[in-house]
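Below are two complexes that have chain A in common, paired first with chain B and then with chain C.
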Partner chain A sequence: MKRLTISPPLAAVLLAIVLFLLSGFLPNGFGGNLDVATAQAINIVRLSVFLGIIAAGQTLVIISGGEGIDLSTGAVVTLTAILTYTIVNGRNEQVLPALLAVLVVGGLIGLVNGAGIAFLAISPLVMTLGMAGVVSGLILVITHGNVSGAVAPIMTQLIARPVLLGIPGAILIWAVFAALMWLLLERTAFGRRLFAIGANRTTARLSGINVTGMVIATYALSGMLAGLGGFLVVGNTGVVHIRIGDPFLFPSIAAVAVGGTLLTGGKGSYFGTMAGALVLTLITSLLTTMQMQESVRRMVLGATLLTMIAIYGRQRGFRQ
Partner chain B sequence: MPPLLAVRNVAKRYGAVQALIDASLEVDAGETLALIGANGSGKSTLSKVINGVVAPERGQLLLGGRSVHFDSPHAAKDAGISTVFQELSLVPQMTVAENIWLTREPLRRSGMIDRRTERRRTEDLLSLFAGTLRADLTPDTPVAALLPDERQIVEILKAISVNPRLLILDEATASLDSRQVQRLFELIGQWKAQGTAIIFISHRMAEIEQIADRYSVLRNGQTVGAGSMKEATANDLVTLMAPETAGGAVERRRLSSDILATRRIVLQIDDLRTSVLRGVSMQVREGELLGIGGLKGQGQRDLLLAIFGGTPWSGRITLDGKPVHFTHPRQAMNHGVALVPGDRAGEGLLSIRSILENLLVPSWRNYGFPLQMQRARRDASAIAARLDLKMAGLDAPVSSLSGGNAQKVVIGKWLLRNPRILLLDDPTKGVDIATKAEFYRLLTRLCEEGTTVILYSSDDEELIGLSDRVIVMHDGRISSELAGASLTTANLVAASLGVASGDAP
Partner chain C sequence: MKQSRWQQATYRHPYLFALLLLAVAFTVNALLQPNLLEPTTLNSNMRVFLPLILVAVGQAIVMIGGGIDISVGSIVSVTNAILATQIGLSGDLSTAGVIMGVALLAGMGAGALNGLCVAYLRLQPIITTFATSFIYSGLALFILPNPGGGVPSRLTAFYRETIILWLPLAFYVIALILLIWAAIRRTRYGRYLYAVGGKADAAYETGVPVRAVQFSTYVISGFMAALGGIAMTLLTGSGNAQVGDPLTLSSITAAVIGGTPLSGGAGGVAGPMIGAIILGLIRNIISFANVATWWQTFVNAAIIVLALATPGIINLVRRRNR
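Entry: the complex of A and B
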């Protein structure tokens, strides 16, 4: 008998759809109203974009293996959100320089992470946790706790408002971004080598792959993507505070795991992470709609993560 | 009276490899039996059968005349069989005393570990080797701080601390210096006098002659001879160990030295040194198949790794007349050098990835941006067909393949790049006979096409059958070179053991 197997990204997407349909039966759900349902669906996807993009860097780092994880993501998002806010300061012509600046700053922080991990053999957990502390401290020193600035009108227009056929700009940005991530992972030598170093670094090295260079590049890229995330987050909210990135850290790792990427590296996809981001965002907003407390939301999110990972683990176990 | 231990007609198969076919031995209380044989003859497997690590498929173990079955090393230990392992079994983070008494800690009445007794007993044990150890080596020294020889001694003390009836020493002298070996031999004498039986496994003929009372010789998994050491010479033993030149599976016409001399020198190595190698010089010519022989772990792996840029080295390597100094395998790869490493799963494969990706790992750069996946797939299919890879499909995980087919993938990823120099580290280890024969044909064809092959093999027959020339390594150096008429199995075994090759029949 052929056993039914379902790929983790597909499982996560199905879970998201089922949850969404069920949410229609809630007291203040969409019921049978298709227009309301569509609007709600679009809103959920729009909200998932920011977690989805911030978790992209996390995906790369986790695929790269070697106990890879980036705990500086939250702090980098905060720093780059503040940078965007102050550089732009309400002027449209400053948007591109600000974007460039956050990519460079995020990339540099990631570069230091990668260098510490590759050259000093510091474990990724410790290195990026330390970096998170350094960046958070830096934010306090520079801002003294209050930030002045403003986002530009064009940012709000492109990120938070509908741009095409009632679809918000953020979703369009995510679609393009997803295509680029797929291209990077599946259709470049870098992507194939990333999976190789995640699967077995000794084999990768003895197959001519510059593992050190790959590790540094991956963490740098993760920093850059967190920078992009910070830029988009502030563009969406329009305001900034000095903990704005923190709530994204745990979900960015959870989204990767729920999306079926092996936490030990070497296997995974960005589509999985996207589905994971959808599931997590959906659950959070459902629980919020149901007026659940923060504590309950956390418990449900944690339990979801454990359940999904346990299911994937069993699937793999059976196959071997 | 029955012997202390009798092993009768034991057989054991690992997957496709028949490690033991028909092995027997007997050892009496108060006697030292040397268990000898060439690489891969089944010595380690037989010792693992005796100490319960491996369960035999056929055959019998008789302890004091009574049939026994050990289903774990623990059961064997309870029966009084203790082993000094070749792969060290100590916990680096724990102290010498903690390691020796691990799971057998002396307890106080309260159930707490009696550290004082543990330390005193450890001191008693360490005093056995007094004078050959560092003075500051105490029971409280962590094992991580010990040198290899000291670890080996702790390993020996741990084995003897249970007062065994039978002590198995598997290559226990390999990392000891001569004073320590002599002390060990004195102790063996004492233990024998107390009635302990000893099985001594070593590759060093001089030690065997000094310490053993009787010998038992294994060849290709079969016991081919046994007797008293008094009535045997080193050459008798070597003759027993050397397999008959069946040569059936391996057929390659050797290039004569005259023909070879006309070929271009592709690779020249002068005074190559690494942490293991102590000055290796050699040259290899175009289309030559150079064999590397010798006992395991004499620097063969390091030699291949150094050529491939996989380990730091000093000295001079000249490739096609130009000096090169590869510090990363990528550079070697771009100069047409390829390495099939010795640890297939750990160094050769990406186990969780597909066959397709394993074949293409070194070559992605050649497929542009975005990667031309159809062309990549075509190339991989072509290689798979050429190697007659038995697989469900290119997208199947490489972990679904048998040992021989998995090794084909490792070789295939390099063939895709048409290497000029192919380095192989024991490539047929754990590979079934049919696939071995395919490898031999493949290597023969590659050499005919002008590829230079350097092959280390633990299978002497394979080396003899395939190589134009064999260099034998011992302790990080080349100890002898065999070619032409002197390239015989007997000479190779003798050279590996350090017996002068001229004396061998």
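Entry: the complex of A and C
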């Protein structure tokens, strides 16, 4: 069987570029105007940042293997977005405490996920699904359906507005974040152990890796990153509602898969996830620009996703 | 590692824990709602539980075969949209029968697309059925853009009020499925199903048609989801293209509570049915225990997590005590 030699992250980036160029020919596309094209491109990348950072935690748990997945991501994003909104309440000096709070809360939720998975042997999908329900319930208990608060001016300034050479802060944050993720995965003991437990838990344990500790740490980290995502999402939108995180849940998994990270664990990269987030965001916003009906939009999104994973998400066959 | 007796018991009887949980949930519910066993109350409960029971059975069969189906909720919605628009509130019964047949075929077709992608294109089940769930939910919205339409009241009355020999209609549907399942398990296909879910490589080596078996589980799941959609439509009597959404995750929870592990190759169909009934009873208990409205989601989820965690806690305690 012919194998594609092009790597999935690169394929996703190329696909994004081609799609973007094609979108210029749409009736309300940028046409030949380079300035408008640049502005649109920057805007797409800016919108991808939030999915990209939320999907970072998802990347880690998926690499960790053992059917690893985090379905509590959406609920954690919602909870932490609401927390940020209430704690900050329009004051600049409250931004750092809020950031700290969302990291701790997200981390604690992840810790419980990890403990349930590692100690009680509950499958990750079910454990995090249950946790998503608990967190959604908590949100209703705390907010009673309506949230009061506000984001701080400095958050809007740093996240949503251009900061340097017309580039929005969110993109700069993403660049730094990506460098940190690369360091974590490729240059630290944690990263090496993560790939090791993802490839084979038994051999990892025999070579002296504390698998239980690693699993718990990975889920805690995933929760923290979802918390960071919630913080950034609310900083971008400036408003919050009690389902704000839901639309990020399955796309965060799809971004990881489209980026070429094996859903069975042990192999993958954050760059792939970034490319996946870019493609998914681009397709979603293209479908919105084309003013399609919601029904057609969903069908096209589903079919595109299916095509992308069919191109390079295939598992190995038996006859090899 | 030597297994504890509890582990052995739960391995041999995957429904054991579900049955215990059912007994507890049933007792608590009966204390709060003393007329629970009267035919009319039993009927009003079972007719609400039936759609999830049907969907959970399909989900469990996919899980036994080593996969997962995230698109079942959307298939339920498609079925509902088809029935509500094509039969209509004043439709006659023969049209209704034909349309239901069409809906079941549509469900199997949707399942066949899932099966084709997972089994023959070798795509990962969770992400594939997630992608197709968009296609199906888009299709449901396309057929029925705004909530409306419905089915004739004669049909809904038949679903809602049929009680034969003190037992509601749902019991006969459940009994029929259990009988069919018992027959299937004894066939070669039944053994293949468990072999494929347990160790696909080994099954392939020994000549099991792995891909065909995997494909079939998704078709069955699509069929059961469509059946669930028909039950749902007869229950509500109206059309809403998003009616199936909550059933996807509930069906997975029901299957897991019912002793079907996500790793495949084990479990059965009775367990997930019990699991679906347990989920329904928990909702009942919460509404009868006068839990404050804002707390209901939380309490519901917390009980479910506790139920999922209990077997693990028991194992942990037993290992510590040895």
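Descriptive notes on the structure:
Basically, the second predicted complex is superposed on the first by the 308 of 320 C-alpha atoms of A that agree within 3 Å, B and C clash if a C-alpha of one lies under 4 Å from a C-alpha of the other, contacts with A are read in each partner's own complex, and residues count from 1 in each chain.
Heads up, the rule we're going with is that contacts are C-beta pairs under 8 Å (C-beta built on N, C-alpha and C of every residue); 3 or more make two chains touch, one makes a residue touch a chain.
The structure presented is a predicted model; accordingly, all values stated were derived computationally and were not measured.
Using the contact criterion defined above for the overlaid structures, shared-chain residue A:Phe250 touches chain C, although it does not reach chain B. Shared-chain residue A:Arg297: touches chain C; no touch with chain B.
Within the superposed three-chain model, A:Arg193 lies in touch with chain B and out of touch with chain C [touch as defined at top].
Contacts of A:Val49 after superposition: neither chain B nor chain C is touched.
By the touch criterion stated above, A:Ile69 is placed in contact with chain C alone, chain B being left untouched.
Of the two partner chains placed by superposition, only chain B is touched by A:Asn210; chain C is not.
One of chain B and chain C touches more residues of chain A, and that partner is C. Touching of chain A by both chain B and chain C, each in its own complex, is seen for no residue at all. Put simply, chain A touches chain B in their complex at residues 183, 186-189, 192-193, 195-196, 199-200, 202-210, 262, 266-267, 320.
Against chain C, the residues of chain A that register as touching in their complex are 67, 69, 116, 119-123, 125-127, 129-131, 133-134, 136-138, 140-141, 144-145, 250, 253-254, 257, 263-264, 293-303, 305-306, 309-310, 313-318.
If you check the complex, the residues on chain B that touch chain A are 308, 310, 328-330, 332-334, 339, 341, 346-353, 357, 360-362, 364-365, 367, 369-371, 373, 399, 413. On chain C, the positions that touch chain A within their shared complex are 68, 117, 121-124, 126-128, 130-142, 145, 200-201, 204, 210, 249, 252-253, 256, 261-263, 294-302, 304-305, 308-309, 312-313, 315-316.
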